[in-house]
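Paired with chain B in one complex and with chain C in the other, chain A is shared by the two complexes that follow.
What follows is the complex of A and B.
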């Protein structure tokens, strides 16, 4: 997509659905993070529409955060697969590609290459967002090979440590001993070392986190996207609890995410030197642009007075 | 219907705060009115998880949000 493609003719607006017009007028398209980003969610029309994910789902929350953090939503395509997350990802105002189970990183490889050929003058962001089953079990070979090939796009794993969508089977990412509906005696094996695998396979920016600090979580999402544009594959493993399969009372979901920060999801951030150089450059540019905007609006206000 | 979140705007407006709106799992649901300096709930979209109550009461030690049965069928 592009901003031009999304924006309707003024005269045509009254025939369009209300939510679409609200997105055009109050959405984040073409705006900066200061104007419409994670820090002021609830004050602009967000990209994610109503969806059927469960009440209090932390995965739904993180998806909300991903979409609010996108550096350029009008030039982004997401890819996903079966699992709870796609229920909300498919309801966002960003093109979403949905294929066979677990093939999101294979599709994203082709798509990101095609974008670079078709739009050499543009920056298109390709992001796969899938569950732990989709990323590390059934999609494992396609995930690993995309990384080994050095494909330049971002992989986000919504790690709820279970097959949530199909009623509680253990996954490679479930912790050892986890008792689940379809692992009634407790899981026998260790949780897979996802970030270690990503680094070994050649990811140039890798983070494991429990998204409780909005600023930090948004920064990581944006870093992963910026680095994938230029350097190579990037990977985020985020704790996105399943309150249904792990029996977490919904009002305690946030507290649980905070507890996980000290447990299995301690913050880990890896970057290569090349990735670090991109991050430093882009963040310095953003800071300077934001400073210039603030100065300009201050000057404009002074002129009015 | 089920219990949904309700913000006491008078209490909320005393704080310069929009913390709960940043942690609702649903987008476009728990909104913040900058002019009135208060958060508010679009009850048609609220799923009743009470995560916002945790934020306001347990984290911030305020009690501006309660879970209440909405009056449906009216209006």
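What follows is the complex of A and C.
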């Protein structure tokens, strides 16, 4: 249904905004990752194109990657809160719900349950994408309780270790010692153990990473979404540096992200047995489908020759 | 743990006019909390979200039972009120009928989300079972919290008794979901005085239920990736700080308040209008809402027995406020006595602002902190206004 709902009648196309028509014709809707995914970004019409993020913003790159990795963008709704991230997320061609401060996981609890009762035979992907402040400070209780209740949706934390949008204040996810606004002598307690909290609260698939490898980052995003569909809450903590507040020169943003892979964002992947079973099944199915498509196109090419 | 198996019910769906006005009713003797949950039972609610606070808890316990009996599709206890009210906002995007209820401090804890419901076009129904909000602590009824809802854009109804609580709650779903309204409706009544006290309530059979929620009949369609028009346009100017965002906010909020005013015709249709007037030719009126209206009704009865020229104006709708109706009803009045269960006198201020001769308003009597409102307090003001000698010992 949802693919049909975004597809305009052919004769109506000329009245629609060009951006919309191109999204339907050349965007990732209804396509596979081989056709339109992180592996060939730049070769299809992406869900996020323009955004008002700062030059060199690593968060903007990761958000673009999230949207390119979605298994089914035409059945996805994202939710977020105040912060830099929402400036780009709200410009993706996917419905975005912006509520109040830090309430994204509470809203997603209501939304995902309501989707399941209205559309019991369908898969609707619900993803919250918020910053470290929204997820772990002001939204902490709502984040934790959504996990404790076992709500089946994906939580992605864009961890830039600072309140970027409000001007560079200390957050619970800032590293100890960081001199930031509201921490004039430096932060005097440790960075919050987000993944440990997520596992303790019942998340069934948890990853911490610095998303320097596109393929690996995409795989993690998709795994988190697939597992949330069937098993329970999933969580990704991704390093998305704030080059402004941490004074990282634009040309060094990638090097910084690489350095963080060996520091506070060493790759960690946790999954329960049930989550693992889903991942193995879905990835095997995808591999088989991709192989079948390649064989079919090879056969078609042979027939033409 | 055994799996949750809810019975499948075979209820007859009927429209709100039949349900409220035509369906045969039987009298029951029940509490206000029961009355609210009995209304929810007949409202085809898809999802209810609960969080305890005295004196509301009783309502959402009973709604939980209604869910277990199969009248509601989904129900859970949320983490606290901000989580509850946010989840209502989220679920509403999926296009479902929603109910929750709270009291005093809980309302204020959830207020950030609640006041954004109208702007998000969330057509949910919120029960407000009033309770003291300020320090020192009291769990007793005091309706100061209603003043905070008055400026939110929500429709706000104030029930006098158990019967009102039942009828207003049912009507609230229909009013909230009108395409030319489509904003949340709060149904307030006094905690304990109404929620925990029994009164007579005429109710239709529970085999009848309100027509199901129609997610297509909405000025702002559900974000379900199913209901056209498709929401894949990418510009989100509201997210930026520029003139467009100010302009969008301003026109959007104008529309919210226009929607609020448009609810008035449905308050006439389903509830017989925003005010009830007794003895319209009187010199002195007691103007009251909620539980205070019940006491005002008693004062009015005493005054009638004593042959005094006293009328009663009961205010059912606080938002939209019946400015013109009150102006008309009090055009020839010499004094308006406004008893209230709060210290600030929000109804008093509303009435003073509504009429051209605010000087005729007697500011009180008021009780707060959960005290009862003795009829004698109202009688005292009546006697003073009419210059009648009395031997009330207050």
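Everything below uses one rule, namely that the second predicted complex is superposed on the first by the 301 of 305 C-alpha atoms of A that agree within 3 Å, B and C clash if a C-alpha of one lies under 4 Å from a C-alpha of the other, contacts with A are read in each partner's own complex, and residues count from 1 in each chain.
Operating definition for what follows: a residue touches a chain if its C-beta (ideal position, glycine included) is under 8 Å from a C-beta of that chain, and two chains touch if they have at least 3 such contacts.
Just so it is clear, the model here is predicted, and its values are computed rather than measured.
S.K.: Once the structures are superposed on A, label A:118 by its partner contacts, choosing first (chain B), second (chain C), both or neither.
M.R.: Second partner only, chain C.
S.K.: Contact-wise, after the overlay, does A:201 reach chain B, chain C, both or neither (first, second, both, neither)?
M.R.: A:201: touches no partner chain.
S.K.: Tell me which partner A:106 touches in the superposition: chain B (first), chain C (second), both or neither.
M.R.: second
S.K.: Based on the superposed arrangement, let me know which partner A:214 touches: chain B (first), chain C (second), both, or neither?
M.R.: A:214 contacts chain B only, not chain C.
S.K.: A:50 in the overlay: touching chain B, chain C, both, or neither? Say first, second, both or neither.
M.R.: Both chain B and chain C are touched by A:50.
S.K.: Return the chain, chain B or chain C, that is in touch with more residues of chain A.
M.R.: Ranking chain B and chain C by residues of chain A touched puts C first.
S.K.: Can A:70 be said to touch chain B (first), chain C (second), both, or neither?
M.R.: neither
S.K.: Looking at the overlay, what does A:254 touch: chain B (first), chain C (second), both, or neither?
M.R.: Only chain B; A:254 stays clear of chain C.
S.K.: Could you tell me which stretches of chain A are touched by chain B in one complex and by chain C in the other?
M.R.: Common to the two interfaces on chain A: residues 48-50.
S.K.: State the interface residues of chain C toward chain A in the complex, per the touch definition above.
M.R.: Per the touch definition, chain C meets chain A at residues 46-47, 49, 73-74, 76, 78-80, 82-84, 86-96, 112-113, 116, 120, 215, 223-228, 230-236, 239-240.
S.K.: Can you name the residues of chain A that touch chain C in the complex?
M.R.: Chain A reaches chain C through residues 1-2, 5-6, 17, 19-20, 23, 48-50, 52, 74-77, 79, 86-87, 90-101, 103, 106-111, 113-115, 117-119, 124, 141-142, 144-145, 149.
S.K.: Under the stated contact criterion, what part of chain A meets chain B in this complex?
M.R.: By the definition above, chain A touches chain B via 38-43, 45-50, 53-58, 60-61, 64, 67, 214, 250-255.
S.K.: Under the definition above, what is the set of chain B residues touching chain A in their complex?
M.R.: That would be residues 18, 21-28, 30-32, 34, 39, 45, 47-51, 53-55, 58-59 of chain B.
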